[in-house]
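Consider the two complexes below, in which subunit A is the common component and subunit B and subunit C are the respective partners.
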Partner chain A sequence: MDETKESLQKRWTHLRKVLERPGPFSHPEFEPSPDILDFILSSCKLLIIGAGGLGCELLKDLAMMGFKHIHIIDMDVIDLSNLNRQFLFRHKDIGVSKAEVAAKYVNGRIQGCQVVPHYCTIQEKDEEFYRQFHVIVCGLDSIPARRWINGMVVSLLNYDDAGILDQSSIIPLVDGGTEGFKGNARVVLPGITACVECTLDLYPPQVTYPLCTIANTPRLPEHCIEYVKLVQWPKENPFGVALDGDDAQHLMWLHEKAVERASQFNIQGVTFRLVQGVVKNIIPAVASTNAVVAAVCATEVFKLATSCCTPLNNFMVFNDVDGIYTYTYEAERKENCIVCCNVPQMLSIEDPGKMKLSDIIEILCSDPKFQMKNPGLTTTINGSNKTLYIPTIEAIEKRTRENLNKTLQDLGLNDGQEIVVADITTPTSLIIKLTFKTVDIEMG
Partner chain B sequence: MSSPIPKSPEQSDKNKKYDRQLRLWGDHGQKLLENSKVCLINATALGTEILKSLVLPGIGSFTIVDGEKVTEEDIGSNFFLENETVGASRAQVATQCLLELNPDVRGDYIDESAEHIIANTENFFKNFDVVIGTVLSEKTLIPLSKHLWECEVPLIVCRSIGFLGYIRLQIKEHTVIEAHPDSESPDLRLDKLWPALEEYLSSINIEQLGRKEISHVPPVVILYYFLNKYKNDHGGNLPETREEKELLKEMIKDVGKSEDGNNRLILEENFEQALHYVNTCVATRAIPNHVQTILEDDNCVNLTQHSSSFWIMCSALREMVKSEGVLPMKGTLPDMASDTHSFVTLQNIYQKQAQHQAESIYRRASQIARDLGLPQETITENDVKYFCKHSSELYLIRGSCIADEYEKTSLDLTSYLEDPDSLIFYYVILRGLERFINEFNAYPGQMDDQVEPDILKLKGIIGKLLNEWGYSHVLRDEKVHEVCRYGGAELHSVSSILGGCAAQEVIKVITNQYKPLNNTFIYDAINSTSATFCL
Partner chain C sequence: MIKLFSLKQQKKDGEASQRTGNTKKASAAQLRITKDINELNLPKTCNTEFPDPDDLLSFKLIICPDEGFYKGGRFVFSFKVGPNYPHEPPKVKCETQVYHPNIDQQGNVCLNILREDWKPVLTINSIVYGLQYLFLEPNAEDPLNRDAAEVLTSNRRLFEQNVQKAIRGGYVGNVYFDRCLK
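Let's look at the complex of A and B:
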């Protein structure tokens, strides 16, 4: 079909009203014109990350808002428990790639739509892939993945020699999240507004139970379940394989053992549903909240792509437990954000003769500023590269494990030493600079 | 020998499919949902988006009432209308597309306008649990609202135009048992002890315990011990002011602190938690206002044969509150630093007392039902248990009728109109828009060359409307201009936002869980803000 004609089709009448007429609240740069609809229909390229509860909604919403060139990426396959909200999937699709089924469905339903699915992890795609999009929108349930894509869009920014940001290198990131009847939506203009990393403290810490409680003084059914999962399973290894929260047999074994343990301690309330919830860390989800949050995000993508309204600045909270409540505010950039501010991260060390490498790793994992998962550390000593610790590659892990117990002094690390840290939460390495409080290292 | 291990229940496919939502409203909420019948008037994009979020979680059935034929414009905004269906019945096409989403849901349609049905089929709408209306004209809305008000069927009216959205819930009486409050301080009742609890708490002398034992004592025991000491020193009074509470905290800290390896003083975790409880859990919570309102409601005081089990249980609750001054307990304790045995013992004491209270309410309620001449099964023990567990969450809405709001010659908007940025102005504009449609049979700004004249016309109508209500406020031109810019356009993503919100309100109404909107919601997608007004 001739694309220039398509924008004149009656089906786009609704969009043309807001794109071809001036409005008192539109973006200062907005110039109403039929060209805007043409841009959406023929050249604007979007990426949706996640084809789950939010992703299905985002895909439908954006395709209905005129966007035709949409890529969608998801590493998961469809599960029965998705069908109460992931409305592009049917019973027959169970076990098939979410991205592929979603793309096929929408391409079939919406004339001219060209959704391209990617059945893989976001880490498998490189800078060139991400650079092709005008806007990236996320519907994820994983915080590390959000941080990774946030790191990616920040790394795509270009600064000139004077440190001035090249505006054309900005790819806006729109991000949504839900839990039960609560959700949030935000717009990140990388390098300009608060990024995901700037507001990391907004995410509630994951519920964990201290191991001593689980082992010695269990009080809740959850304590019994965690004990079976963390202690009994590895010890008894009943099926000779790693625990799989999606395997019904595994869950049944856990349930039986947890009931047994609970009855030893007279604790009530271990149910199959609870076992499943604790083992898989299930977040409750319902169609309506996903619909709302995804649609808020899609509306923002539409605003960013067309300027027909000013975009959300920059964070919105939604909650419909008690009436319908929204709250919109401007999240602030963090001055020393480890991702979006061009400053090296200082790590002050009290006593390099006592501090061990494992202590540094502990700080990187627990400090609210870093919140890393499984960092790997390398550095340069006397001009040559030195691997301090890499946990993700078995052979190197074995070889470098002994460094964990060595002090910084033993490892030959000096005041001002730069350490390169790699972690799943960031696509680019982070450089931290050690600053020693007491500089009394013996010279070798 | 240990007792035989109960077999793990195999989950049904349905339980697996609905797992993520069952964790929110439970099997009891799901059952109500699965038995519900919902009617949608007009399968607009907004209408089908609402139904989508109801069909997916599994309502019993829906009926679409819509006399329109599918147009090309419809296909551009409504996902649940297929490409090749232009000219077909919109009700029929939407029904087919929506049924695809969930084989557990039944759906049918009537290819007639709501206006026609109101005029010709008596009691048609009476059979639904909820009726949803989108793009209703005043001519349809007013009689429909009156009719549903009379037969006590909840009505949700929604509108999505450009970047604006409106939801209005009309519900005569709605009662909530399980409101799912975000957080509640633990209900410890240390000022209203019963013998079992007193016996247990007074059996432990904190200051005679060894270092290891003391670190395992439940915080409740610690709090009770020092509270008693405090009372002895202060003429039997509980600490009330901040200073008095600080005094109690100091007493707790003195005993609970110990030295860590580096000569620093630390506080045991259980003592730390006891300190935390000093702020909120020393005195029993007063009866919350929203519960007091219910207990004083006419329906609670004057029962009839037609009273629902909710009101009978409330009446029994009222008797208990009168005689004991407190609500029944939940019977659960929050997790607290403690050894297993002490915690389980304490938990059981609270649970038994809660059970005891629930039994007492059950006896009272059964008696009331008998006195009213109602059958025994009117009140079940399980219902009462559930009711008692959530007695501090009870909530009542007495709504207002939309027809009254529209026919009222004065609408009390004074407090809202004071703020020039209030979203109430969009409510006023939308009311003006409805009149405009009535008068000119078109949306303001529907034709490209009529935007400017329509702004003037709409301003005139709104001015008249405000005048009728007794206000002399002048609306900002730009908001009227913005609405005329839309020319009646329905943006899919804005309808999706509204659709999700409205669907959730329907679920609340059906499940009697969570607090519904009371009663008017305006969404402004230009600024991504919203507001709720009670009209």
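Let's look at the complex of A and C:
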């Protein structure tokens, strides 16, 4: 079908009003044009991470907004308890991949939409996969996953030799989060605005109880459940396997034992639901909060993709526990953020077949740019960590000493390899990127 | 303001010129633990063992106190650092059976910075010092091993004897302790 024809359809008249003429809220540098709508409809490629409460909303919002090329990734399958708010799923879908069902539903319902599902963890996808997207939007419920995708988009940044960021390598990250009646949305422009790691201390720590209280002076039903989970389960190991919060038998056992313990201490309120909640760290999800936060995120994706308005700068909190409250502020970059301020330092290598690891350490200590004292070096090769040399810990020094005399080639270090360097002279680990001057293209 | 739209159009044409790195970048936890380990400043009573030197996320700490109740003993702790470090503390277990008010028979350790008082500014070193302190000043107020705590408050002499008995190997009450002399 002719693209220009589609953008003239009545379906998109509202978008054309925003994209084909300036408005009071449009950015001063915004150049209205019909091409922008074509971009949305034909080439803009989005990734939604998570097909749960936020993910369903996001997918619906973005697909109906006109985005056609949407990938959605989720490692989970549909559970009965999802159906009240994850509206792309039906009872018959229980046990099936969330991403696949969501994609199928939207593709069938919204004309021209091509949602591609990925039923796997985000960690299974590589740089090439993530690099293809214009914007990535997250509806996640876990901090490790946020940190991972944040680290990924930062690692996709390219800097030129003078250390200037190549703006075309920026993939904006829009992140939504909800917890009961509270939620937040944020926009991360990797390398430019605060990243997830910069503001890591914003996340509340997981609720933990002092072990001694749990063991000796429990006062709350939660204390009894934690005791059974932390002490009784490992001790009695009733099913001979690790505790699985999704296994009904395991939960029943925990419930029974927790009730026993609660009655010993005269504590009321150990219910099966509470056991489930404590073990799986469940926070009741509220559909309306998801809808609000997803709508904010989808609007931000639209603003980023079209440049029609200035994007959220850069963090919005939403709370409707009691009335409605929202607030927007600019989260600041952390000066020594271990992820986004850690611009890899280039180290050019003449001959990787002759250069030894000890020569690298010599450079790190003598080069005026580094002036290190006693650096420890690790790296990641094919996804697994490798300790190159750590001088300060006897147990490791002994076993990595032989690496000192090996050449970079022997150690499996390639052109573009990033090496993590820790030294007392810097507050965080540095990343050194090896660039080989002579790359033998013939040898592959 | 970044104009994603026009930039991306350029990017599409120049996609092939992107540097293709198939080496995965180190995780934030890896960056941080490399720093923590390289700067471990162990007191002379402590030592570490790394079963796999490439895996800095899993190691053992051996404490041999040179004073206090536990002098002469050798106590092994296992450290497991998760992918969410330093947002979450490492999981630390005592692998040696020990008669101690703050360590139970399953090896759980009651040290505030390992659970409720953990903060990302703390390091592996902080935990090492915390654990060493537990051997110098066992705390009877918030016990995990109640019997040991009661003995410590009521009869320090007996507590000392019990500790030494356990270190040499043998029964304290009806609990058997393996020998863990240095």
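Note that the second predicted complex is superposed on the first by the 342 of 444 C-alpha atoms of A that agree within 3 Å, B and C clash if a C-alpha of one lies under 4 Å from a C-alpha of the other, contacts with A are read in each partner's own complex, and residues count from 1 in each chain.
Criterion: contacts are C-beta pairs under 8 Å (C-beta built on N, C-alpha and C of every residue); 3 or more make two chains touch, one makes a residue touch a chain.
This is a predicted model, so every value here is computed, not measured.
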Practice task
Look at A:384 in the shared chain and tell me whether it touches subunit B only, subunit C only, both, or neither; answer first, second, both or neither.
Solution key: second
Problem - Touching partner for A:135 - first (subunit B), second (subunit C), both, neither - result: second
Practice task
Please work out whether A:307 is in contact with subunit B alone, subunit C alone, both, or neither, and reply first, second, both or neither.
Solution key: second
Practice task
Using the superposition on chain A described above, determine whether A:29 touches subunit B (first), subunit C (second), both, or neither.
Solution key: second
Practice task
Name the residues of subunit A shared by its contacts with subunit B and its contacts with subunit C.
Solution key: 310
Problem - Residues on subunit B engaged by subunit A in the complex (per definition of touch) - result: 2-3, 5-11, 13, 16-24, 45, 49, 52-53, 56-58, 71-73, 75-77, 79, 82-83, 100-103, 162-163, 167, 179-182, 216, 335-336, 338-340, 343-344, 347, 445, 448, 451, 477-479, 481-482, 485-497, 499-501, 503-505, 507, 514-518, 521, 523, 525-530, 532
Problem - subunit A contact footprint on subunit C (complex, rising order) - result: 1-12, 14, 18-28, 30-32, 34-35, 37-40, 47-50, 53-57, 83-84, 87-88, 102, 104, 106, 108-110, 112, 115-116, 118, 120, 142-144, 146
Handout entry: subunit B contact footprint on subunit A (complex, rising order)
Key = 9-15, 17-18, 21-25, 57, 60-62, 64-65, 80-81, 83-85, 87, 90-91, 109-111, 180-181, 185, 217-220, 248, 251-252, 255-256, 259-260, 263-267, 272-273, 276-277, 282-292, 294-296, 298-300, 302, 309-310, 312, 316, 320-326, 328
Practice task
Spell out the part of subunit A that touches subunit C in their complex, as residue ranges.
Solution key: 27, 29, 36, 39, 43-44, 126-128, 131, 134-135, 143-144, 147-148, 151-152, 155, 158, 167-170, 172, 189, 192, 197, 200-201, 203, 205-206, 208-213, 215-216, 230-231, 234-235, 304-307, 310, 338-339, 342, 374-376, 378-387, 390-396, 399-400, 414, 416-418, 420, 422-424, 428-429, 431
